[in-house]
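Each in structure tokens, the structures are laid out below.
In what follows, chain A forms one complex with chain B and a second complex with chain C.
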Partner chain A sequence: MEIYRAILCSYVFSWIYILSSLPLTLSYRTTKVFNFAHPIFITYGAYVVIIVNEVLGREIPLAVAVFLAFVVGGLVSLISHLLVFKPLSYQRVSSNVYMVTSMGLWFIYQYVLYIVCQLLTRRYDVNFLSYSTIEYKDVRFLQDVLGLNSMPQYTITATLIGVSVGVALYILFNKTVLGLSLRGIADNASLVAICGVPINRLVNLTWFLVGGITALSGVIWVNFSGSTTPDLGLNIVVDNFAAAFIGGLYSLPITAVASIVLALIENMLLAVLNYYFGVQPTVRIAIVFGIVLAILVARPPMGAGGGLPYRFIKRVSRK
Partner chain B sequence: MIDITGFLINWLEYFAIYAILAVTLSLESGISGITNFGKVAFFGLGAYLGAIINTYLLLAISGVDVVKAPPYTAEGVIALIEISTLNPALVLGVFTLSILVSFIVTGVFGYLLTYPIIRVGSGFVGFTLLCVGEVLRGIYVNMEFVGGTNGMLGIPQPFIWLGIPMLSGLCYLLLSVTILALTYIVTDRILGSPLGRTLRSIRDDDIAALCLGKDVPKIKSKIFFLTSGFSGVAGTLYACYVSSVNPQMFVTLVTFNVWAMIIIGGSESPIGAIIGALILTLIERILPLIASLNEYLPFTPDYLRPVFIGLIMTIVLIKYPRGLISMKPPKFIKSAVEELIREAS
Partner chain C sequence: MPPIAGKRLLALIFATLVIGLIIGYSTGYYVGGLGTPQTGGVSERTYTLGVTFALSGAVSSVCVQWEPVVRMAIDDLNNLAKSMGLNIVFKPHILDDGGTADGALKNVQTLYATGVRIVIGPALSSQVKAVKAFSDSNKLIIIAPCSNSPALAIRGDYIFRTQPSALGESKALAALAVQEGLKSVVSFHLNDEFCNVFAQSFKKFFEESGGTVLYDLVYQSGQADYGSDVASLASWVAKLNPDAVFYCGYATDGANVLTHAADEPTLRGVRWLTVEGFYGASEVLTHKVVDFARAVKMIGIRPVPITNPLYDEFVEKLKKYGAAPTLCSENVYDAVMIAGLAVLRAGGSSDPDVLRRALIEAAKTYYGPGGWGLFDENGDRLQASFRLWTMAFVNGTYQYVDIGHITDSNIVIEKKL
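Coming up: the complex of A and B.
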């Protein structure tokens, strides 16, 4: 039973990590901004669904949840870019300044959400600071039609959202001129600009897509977890960054594979440790950190934002 | 009625502790280019080490059975209060030992951490160190001998035997300011030395420094040992001042606050870091006074603090990316520039 539960958790967490770490890699490739506020998009995606669900009387369909989360997550991301990151890029600041600013944004967004949740809790007399699971009525209908009632709803939700986003991203990047331009900006922005591509507009679009896709993790989360809190992003931040980090913040396929492997290792290991030794789930972060450290020591990922010289020296000295 | 003297001592104590963190972060991040988003890890480790030594060791030396009356229980706390008021030499001795041990252990911990992180770029360094802080917090929660989630209480302040709270507070403040001064002097000496120039060159372009024959990883490791050590000392000072530690004290928000200090003051200048610490600790000490607004506001006023600090930090960074107080160029650069101008004219 424990193993079955661990497998289900691994499956859902794989999709959550994929949907949050792929956009992180995408944003770093295109904009070279290491955005510490990235996990807040997950939280905002989850809370948009929660708030609308409460306003509609707990009967929100998945399609509406996905649309709202995508738009709100995308807008939050775009506003962050236009008001903060873009002005910073004009100043030609170092990557450290970007990172610190994104950390500032993270705390602003998080505590604004705390304030909103407290106001809503007073207004609706429901605990928004720790909200219970949301069931999507259209997914329930789909389960009834297909006879999948024995399956937990969150597995179907995760599959629907994950596969749709995966296919959409594949088509965007491989079959459209827009995707080609986005990849071009990631590789050499100046060259793309010379070719007449409107870089600013495409960078804005990238930020919108990044925020929107990440917010979809929140839509899965509220269907899966029994308690959603404004700290949601903070709890996922390490796994999210670790997956992107293993992909070297460059390779989308490696990031996706890393997300699946991370989710599998941490959930299975946690289940085993909990069953045999009574270890608490709080060690989850230590497991992820162990994996990251092992990778750092054994083989730092390619393109790891400046890690090349030391590896280069090592290779030269060996020769 | 507000107790002005008590408020001042309390504010300056917090200022001295946070200024140590800010000065060391300025040396790490502003001057050496090590993006430390895990400052709280070293601060917390120092605090827990200080708490363990100042409680367990004190009880053990005084002949109390720490297995029967561990310091996180009521019996342990009562025994600690009795010992610390009756035995000044022992309390001061154990406190001094805890400061030394904190410096060495957190320093070595920082040094060891540089092995994996110096291989990657600044974003990854920041992320890895942020993880370290969260992992350590997870460890504290699961360690029963440090009180788990509840933490430890009754950590003796080393001057509590003086009997007068104001006097003991003042003595402790003097001690903290002395350690701050020591941190500043060490940082300033490094900045003015050839090592300081090397550090700045590494920050500006580590590949160029590497090509010029500078052992970049080794230099970064040494600096990280020093700054981590001082952060640990700040942690011990904090634990003994507030007389308690628990995992909720060492969240990422602490790191963020220290970053805000060096950004407001100017990340490249230790003086700027001290000024930033002075301003932000004052704001932090004043904000609880507006907690009385609780009945007028429909939400907890505590949530306003991070929003407020985050806004200041973001606005300052957009307008002045180098902080409000940029570092003046060193004298030798000034004179060289003057000489060039003279020659040109």
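Coming up: the complex of A and C.
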């Protein structure tokens, strides 16, 4: 069995899912908003890179791509909060209203992107609605210097971005007062407010970080995939939400592990099932959902919905 | 009642009548304008042709290129009507169906409700299948420009297709495989109406000619990435050691599949045969994919007449509309033209049976960039010639290049791979 490509796909998808589901969990913990528009940040991250790459000339450096995607993703997220979610919070609406609103927001962002792509396609005579791979020239330089030319560029891009974000988040949440305050808001916002922490500013920062980090998975995507469309987020949404749900919309480490497990199931497990048992890859979504449901039943999420953990209630009742 | 008050009342009634008349006339004019056909001004009639294409979604990269083709065809129709001294003006009503069966059905229902009696589109066979029941029950004429699943070749219905049925095309591709000395093939295709039926037909004809399809690997559409499906394909190719891979996919998934396949040494070691699914898609034309196509001596087939000066003229003219031909562009043009000619032949009638008969008759005498318009007994374009194509680096750019043709059983490769 040719396992090499399946391993590569699992590896890259692990990073893409981690970078998109960790911020989803983070935003839910901090703001209690389950944002259905979240996957659009991946698409916007990818399209910022595509548009700049095409408009300013080919071969954008990774450093520039990361900066632009992070800023644009962060701003889109922040604007969504300031113009939509924050006003709703003043009206003390239910979580259902947030969900429906965020779905509406998703469609608006999605179709704005379609309009932009159609206009750009006409203006530049390049198909922005389905765009091919982008190579980063500074990563290629790095490959030349380190003698890594035989390695696909996207593995290096994914590693660079993934590890950098991981380290930065670790330092932010464990070594800084700012991170401590953010964790405090997630656990008990009222208590943090009493301590004089500017909650509004920190919530704004959280939304910015959430959008920015998620957009970085789009930077990896355009380097990895042979085609990027405005439906990118739509196609990733199931795995994205599944990983966050397995982590209970609470635990960042479990969300990260769930992302890796999902990537392995989708790529490795299906390749094995096809090769040894003749199962066609068309059943992918059913298998992924079957496993997700099994995990959720066996290990119910900790904080989804804001209620007490199911197993905790079970333990209490046993006592 | 005092006389002054009586005059005021009369004036008020008169003013109300005048205003009512103006509102009534305007409303009647506007509402009448939605119908098809309609009377605009004293002598000019406007006839609306419905169009449903995937302007968003997975196949949109091809379909957005059809919009200028429709505009061009409508302009040509209007010029023709004008030159004949006819006071009829055609206009398109274009809706986006997102490439989905549900979207196509909704659009067709919407267009029918606004009085449209001929619809150009939808693009995919799966969408045509979805609108068929509505079309038949309401006698709404559908002219699908890119659907060619043999499963939809049904006699006497209201579905017409300006793309020939894929049966002849799959037979021609099987004959080409045999001529190229290929004895065994692994089939790799998208799970959709066209690719499934094409793969089945290809297998039937190829095995009748002595070849073998060793394995049929199917992948699902609508995924973000197809890298793991390509990994599975590589495993089967390594295990079964076929002479070639038969591949059927479209623009977005095709670009993804071929980009991953280009990285796979196992897949670079076999020949690749394909269909017109991603022909014309710009996202496929990257250095990596074109280099891969050269390495695997990729040959594609597409149902376009082998020598047709009208096709070349069409390509040149389309440049003025800021577009280049993609998959089925010529069939879109022909669909609009045949629809318009049928309307003229029917004298602007909106009777579906009169229109249907006029459509069949108009197609008999129509010759356009896609060839002779004649429909067979199932309403599918009758055509038996195909062009062979590949991708190459020509004049400093990556391009789709015709390298030969097939007519009946005669296969000619004009350019060496």
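The rule is simple: the second predicted complex is superposed on the first by the 291 of 319 C-alpha atoms of A that agree within 3 Å, B and C clash if a C-alpha of one lies under 4 Å from a C-alpha of the other, contacts with A are read in each partner's own complex, and residues count from 1 in each chain.
Rule of thumb we're sticking to: a residue touches a chain if its C-beta (ideal position, glycine included) is under 8 Å from a C-beta of that chain, and two chains touch if they have at least 3 such contacts.
Owing to the predicted nature of the structure, the values given are computational and were not obtained by experimental measurement.
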{"item": "First, second, both or neither for A:L172, with chain B first and chain C second", "value": "neither"}
{"item": "Partner chain in contact with A:A189 - chain B first, chain C second, else both or neither", "value": "neither"}
{"item": "Partner chain(s) touched by A:G104 [first = chain B, second = chain C, both, neither]", "value": "first"}
{"item": "Partner chain in contact with A:V297 - chain B first, chain C second, else both or neither", "value": "first"}
{"item": "Which of chain B and chain C A:L264 touches, first, second, both or neither", "value": "neither"}
{"item": "Which superposed partner A:F245 touches (first chain B, second chain C, both, neither)", "value": "first"}
{"item": "Which of chain B and chain C A:T282 touches, first, second, both or neither", "value": "both"}
{"item": "Touching partner for A:Q118 - first (chain B), second (chain C), both, neither", "value": "both"}
{"item": "On chain A, positions contacted by chain B and by chain C", "value": "111, 114, 118, 122, 280, 282, 285"}
{"item": "In the complex with chain B, residue positions of chain A that touch it", "value": "28, 34, 36, 84, 87-88, 91, 93, 95-97, 99-101, 103-108, 110-112, 114-115, 118-119, 122, 234, 237-238, 241-242, 245, 249, 280, 282-283, 285-286, 288-289, 292-293, 296-297, 300-301, 304-307, 309-311, 313"}
{"item": "Residue ranges of chain B touching chain A (in the complex, touch as defined)", "value": "29, 33, 35, 37, 115-124, 126-128, 130-132, 134-135, 138-139, 141-142, 206-207, 210, 216-217, 252-253, 256, 259-260, 263, 298-300, 303-307, 309-311, 313-314, 317-318, 321"}
{"item": "Residues of chain C that touch chain A when the two form their complex", "value": "55-58, 60-61, 64, 191, 217-220, 222-225, 227-232, 234-236, 238-239, 251-253, 255-260, 263-264, 266, 281-286, 288-289, 322"}
{"item": "Residue ranges of chain A in contact with chain C within the complex", "value": "1-6, 8-9, 13, 111, 114, 118, 121-122, 125-127, 129-133, 152, 221, 224-227, 229-232, 235-236, 266-268, 270-271, 274-275, 280-282, 284-285"}
